[in-house]
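Let me begin by presenting the structure, written as structure tokens, before commenting on it.
By written order: A, B, C and D. Residues from 1 in each chain.
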Amino acid sequence: MIDSVPLEWVLLVAAALFCVGLYGALARRNAIGILMGVELMLNSVNINLVAFWRYLEPHQVTGLVFAIFIITVAAVEAAVGLAMIIAIYRSWQTVNVDAVDSMKG
Amino acid sequence: MAFFLHYAWLIPVFPLLSFAIISLTPIRRSKPASGWLAIGLMGVATLFALGVLAGVAQGGHPAEDAQEMVVQPGEHATTSADESAGEHAPAAAEGDHAAAGAAEEHAEHATGFAFPEPVVVQRVDWAPTGTTTFRMGIYLDAIAALTLVMVTLTSTCIHLFSMGYMSAHPRHSRFFSFISLFTAAMLGMVMADNLLLFFICWEIMGLCSYLLIGFLFERPQANRAANKAFITTRIGDVLMLAGMVYLYTQVGSLAFGMGEGEIFNAEVLARLSQEQNALGMSHAVTISLLLFAGTVGKSAQFPLHVWLPDAMEGPTPVSALIHAATMVSAGVFLVGRTFPLFAAGNGEALTAVSTIGAFTALFAATIAVAQFDIKRILAYSTLSQLGFMVAALGIGGWVAGMFHMLTHAFFKALLFLGSGSIIHAVEETQAIAEIHHHDEYAAQQTAQDIRNMGNLRKYMPWTFWTYTMGFLALAGIFPFAGFWSKDEILADAQNGHLIVYVVLSVAAFLTAFYMTRQWRVVFFGRYRGEKPLVFVNPEGPAPATPHHAEVIGAGEAGLDIHLRHHDYGHEHDDDQAHDGEAPAGAHGHGTHGGHHLPAHPHESPWTIVAPLVVLAFFAVTLGAINLPFDFSSGHWLSHLVQQHAAEFNVLVAGLSLVIAVAGIGAGWFYASAFKTAQDSDPLARRMPAIFGVLNQKYYVDEFYALTVGKVTSGLALAWRWIDRQVFDRILHGTGTATLFWSRVNFILDDFFLNDGPDSVGKGTITTGKQVRRVQTGKVQDYLGLVFAGVVVLGLVYLYRVGR
Amino acid sequence: MYEVIDHVLNVQMGLGVPGWVIHLVRHVTVAGILLVIAPLQMLLLTYLERRIIARMQDRVGPNRVGPEGLFQPVADGIKMFTKEDIVPTASDRWVHLLAPCVVVAPVFLMVSVVPWGPELVPIDMNLGLLFFFAVSSVSGAGLLMAGWGSNNKFSLLGGMRAAAQMVAYEIPAVLSILAIVIVTGTLSLVKILNVQGGLFTSLNDVSSVPNLGLGWFVFTPVGFLAFLCFFISALAEGERTPFDIPEADSEIVAGYMTEYSGMKFGLFYLAQYVLNFLLCAITAILFFGGWQGPGVEWLHSRGVTASPDGSVVFTILANVLGLAYFLAKTYFFFFVMVWLRGAFPRLRIDQLLDFCWKFLIPLTLVNVVSATLWAIAIQWGSPQGLAFLEGMGEWARWGMAFALTLVINAAAYIGLVRVNETSGNQTTVAEDRQDRSMKTATLS
Amino acid sequence: MQLLVQVIFVLIAAEIVGAAVMVVTAKNIVHAALWLIASFCGVGALYLLLEAEFLAVVQVLVYVGAISILMLFAIMLTRHVTGKGAETSLYQRWWVGLIVAAVLFAAVIAPTVLAHPWETATAAPALPGETGQPAAMAGIVDLGRAFVEEYLLPFEIAAVLLLVGLVGAIVIAFEERAARRHIPTLAEEVAHRRQPE
């Protein structure tokens, strides 16, 4: 793998995934859609970590450790985020974020 | 013995185990099971402690033992024991000064002190985070081994005693779990290998002390006393923590030991004693004074002593265990442990220590003269004796201080347990039971008043004889344990510290005096408890009929207001309502009221007497561990801890014996004045003013209330005044001025500026409308702005700055 | 395997093909074999289940097609192939179509890590166990797809129930397996099997123990409790009675399968039975020693040490014996599953989830703790500061670990049973009884 | 062989990014969630290609097996089952997101990644092992050790985070029994219908 595919390719894939996720987080109306965008972004970060680990320091464990921490954080984020979405749905009867604007100035 | 040294870390685990089992498993439902479990595990711990002591003593040359004994927990196990022991053992064994290194040169007070090298050091990594690793474990040297034996023995006796004493209490199991936790913490503290672990255990002890003083939490007095103890000792503990932080910033370690990177390293101490800090003191002085603040709190030395007498609100075994034998001597142990730091303080720190110790010794002894509560007398005596130990350490008498700590623990525990036995017996009499029926707190206070006792020698022979031995030991009569240890302190003091010597001698005289007063009033004369002097609880249920009450003659300010002679026996019918409310006390009598108890007290059950006998044995013989003679087994303690102790001085010993005998004689005649319970003290008759001051403990509590309390409330009042008078006026003035200005403005506006402000207002509204569109309240807009900012920053960096 | 193919292709046929082709051939061959075996298992299991349940219910069961009705599953298969494939108009076409595939694919992936005999291991992955459960969790998504794609409220309910049940019971299943992983220190199924040699000790490194292949984990307190919890969780994962709520025909028709017909339905059916087979197999492997049994190791070692001519025979014999042990254990557990189906009624969904969260998960957590203690007692020594353990003999350490974990597990079980009784069902039962007695009182 | 790996990589990359694009553009939110699963699986395959097997398995276990199913659940719980709402339109200022994402990729990340001289392990020889072999790659054993030694504190914090997240999710999503919609029994329904308006 590492002698046939340069690191840049992997990083570009991760970057593309990040930007797609960012677009999803910015452009979706549905709160769950936004959450999906965020998950995509977190995944792209993980790809970066693993790629750097594999290409730069394969004998050290740091990249993997932090990838696992990010997976943990992502799981927590999904759980709490979805719980919040359900709570929002209960009081607004919608999950469209543009309807939830009680913070409007 | 190697086995015991190897597994010394198990000693605190046993009581911890009994704490865990009693608190977490259904065993807590069974009173005898939980009690016997705790006693059994304490017994095992005692065995281990004795084994450890035997191992330490047998080793003779601990360095060799240390070589093979040091366990290597984990890969990073220390071998510092080997190194430090190997380096310093020959020097220390000869009593040479070289071992203490550079610190020694600056410490003329600490002549002959060399920090004893450890026998066993076992450490494990604790909290490994990244690069810094804090390690903790056990650190056993001779004094730790001796203290372990002392703690476990007294604790076992007191556990056994509690089995009888607390048997009727509904929270019996909880009591055992608390004292087990306490014992575990004390043992852990003794074996701690660094100041942090020491401090953790120290704080657990503080917590247990709080819980146990407030054990009878139905009583407001107990709650107040618990709070007082907790808060007062907290002052010392915070300062001690500050000292530890200071030490850590200077040394980078809190581990005991003389090795590299440990706090008693000779180079480190030399540096600490030479470098000055912003206060103009050397680091060593500042650190040791801060640490000593912990001792002042825990060992109840002078400014912070106020909590200990109030702590007698706890059950008597608690007073014996925590507030006489073990926890309060932890402060002394702290000074003993960190003695090289004090010694490095060029004598300044030690002078402060000896001053406070000697002052407390005398101060508390004078108060004890004018008390009537049997436990409070002992409490002040404890204060005084702790003062002796602290003073001994302060004048460099390390061995004397530690020796006195060991002997004192035994005879003071004995005295407390004896007083518990007496109280227990007195409470079982008809007169007290009748009060108990009405108000159990008053009953207990009445039962503790020595004026309501008398002639107990006849009723309670076992208690009498054991108590007498404890009394003689405390008074310092040859050949009881207290004589040897106190004599050693005096011998040290006489050697160049004349003021301390005189003060301590006076304190010793007073000790013999007040103890004799108590002893004679309690055990001799006529039994006065049939018509007792009744303590009236200001917070208890109101006395049924005031006309029955008879206020005793004035003279003893304070106390007498609450003392009435009152026969509650006739009020049974009226008092039925209180039955339901009265919480079951420490000695709840299920059938009081209807059932008639004997008029005289009787000897206590064997669970109470047996510990007394054991402790009395030690009170008599413990002096033998450090006889100041140069025969084969003389100076055993000094040899064991490898310190040089003061030589025997016939003059000093004789003089102290004379002083003690004089004190006893004076006390004997003095106490003959108590004929009935209502008789007042002879001193109160002659010099009521002085007696009042002493009886009210020099008004220290009131002084604190007037200073600290008043300052706090004064500040609050001052702030309120500032708020009302200054800020409110400014605000009102501003308001008035604004109103006036607005009137003027209105006229101007109306006639001249109508159009201008209008357009300004419109402009503001328009701007606001434009600006507020940014605040859409929609999370995606914000997120988009954030990332737009990121993009802009990235572009700037890449194409402007980065180039 | 590699050598065999190499021999056949390059020596016998003289083709001289490169190594990667041999690898490819080897993997394709193994995959082909497994792809054939798995549906065959499904056919056999459906037949067995129908026959056994019929016997339990005093019926005969399918007995017309072939001897003793043995070809009945084949006939059913032909029927499914020829049936019309109905796709509801309002359904989400692609989701509806893909759902059965998503459910079936993971199951076939799971087959690839199961060791069938000492050398019959398709893939010896060092993460085998984790792989097995990771892949099995994917099929939950397929179930939700099926439920949602059908656009039918029974399907949706069934799909959601199935996914909820799967997600919930994955936790006790994985936790109970974690105990075994802690004790063995590996995630590889092959290594877990190798540890289970010996004789009732689960430790074939205890000296002086004959290797009879009986050191199954079920003989230790940790393994026994883990086995119980795992098997119950497996029942729920495989949607077996009494946990067959997702397809409760009396409530929600056929759950997520309601709108499926023809071969798509057949795929669900296939996935379900292969999954059941795999769960039984994993139970046998983890707790009952898989192919381990008296004689296998002996034959296998003969195969390694004996002369080159005899070795093949001994190896083949060892594998056949191991395969026989393995299949016997697996079919026994499938029999137990059928037996339970014949014996128990279905639970309610809230009872199911309560049972999982309030009973199984705490119990498995305690079991993980005792597994840790077991591992400490067996494996630790002076490097961890427990030199006194090292001084004890192997048997003493084993006995101490056994007693300790037995006490902890038994106490946890009894305690949890009491807690669950007092908190929930017993009171309602008591109230119920009181109600009833009051009613009878008023009636009489 | 190199070409084969490259082709596989490109396929996987296309699957990841393509599925991600479908996630953010799909009209139907359920379809989006399913595409998300596809994208996650692709990332798992990429991990396999990068020889991080453990992470690949964890990716499947956590993302596919748990998070995606959780999302599908949330979608189905917050959707009017029979009515509209499943189909979502874009946010009104979606073009902001598009511009930001596109500029971020094209002008910031991609030039950075391409311009930086990466010193990969192939360019610089790996640490020499004892026998001249390159040092072994970090495996699961090293990972496990790192968690209990070097990264013990972060590990514990992550554990606490999980616990807090669990409790928080329960607290947030918990519906008080009293607030739950009352589902009438059949008898109540009948009684209700029978009542005159």
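The criterion applied here is as follows: a contact is a pair of C-beta atoms (placed from the backbone, for glycine too) under 8 Å apart; a residue touches a chain by one contact, two chains touch by 3 or more.
These numbers come from a predicted model, not from an experiment.
Ranking A-D and B-D by contacting C-beta pairs places A-D first. Relative to the whole-protein C-alpha centroid, the nearest chain centroid is that of B. Mean C-alpha position of chain B lies 61 Å from that of chain C. Put simply, the C-alpha centre of chain A and that of chain D have 6 angstrom between them.
Spacing of chain B relative to chain D, judged by their CA centroids, is 57 angstrom. Once the centre of each chain is set as its mean CA position, chain A and chain C turn out to be 34 Å apart.
Shown for chain A are the residues in touch with two or more other chains, namely 22, 25-27, 97-98. For chain D, residues that reach two or more other chains under the stated contact definition are 54, 58, 66, 70, 73, 91, 96-97, 100-101, 104. For chain B, residues touching at least two other chains, in rising order: 780, 784, 787. On chain A, the positions that touch chain B within their shared complex are 22, 25-27, 34, 97-98, 100-105.
The residues of chain B lying in touch with chain A in their complex are 772, 774-780, 783-784, 787. Interface residues of chain B, counted against chain D in their complex, comprise 127-130, 780-781, 784, 787-788, 790-791, 794-795, 798.
Listing the residues of chain D that touch chain B in their complex gives 91, 93, 96-97, 100-101, 103-104, 107-108, 111-112, 149-150, 152-153.
Within the complex formed with chain A, the chain D residues making contact are 1-3, 5-6, 9, 13, 16-17, 20-21, 23-24, 29, 32-33, 36, 39-40, 43, 46-47, 49-52, 54-55, 58-59, 62-63, 66-67, 70-71, 73-75, 77-78, 85, 88-92, 94, 96-98, 100-102, 104-105, 109-110, 113-114, 118-122, 126-127, 134-138, 142-143, 145-147, 151, 154, 158, 161-162, 164-166, 168-170, 172-173, 175.
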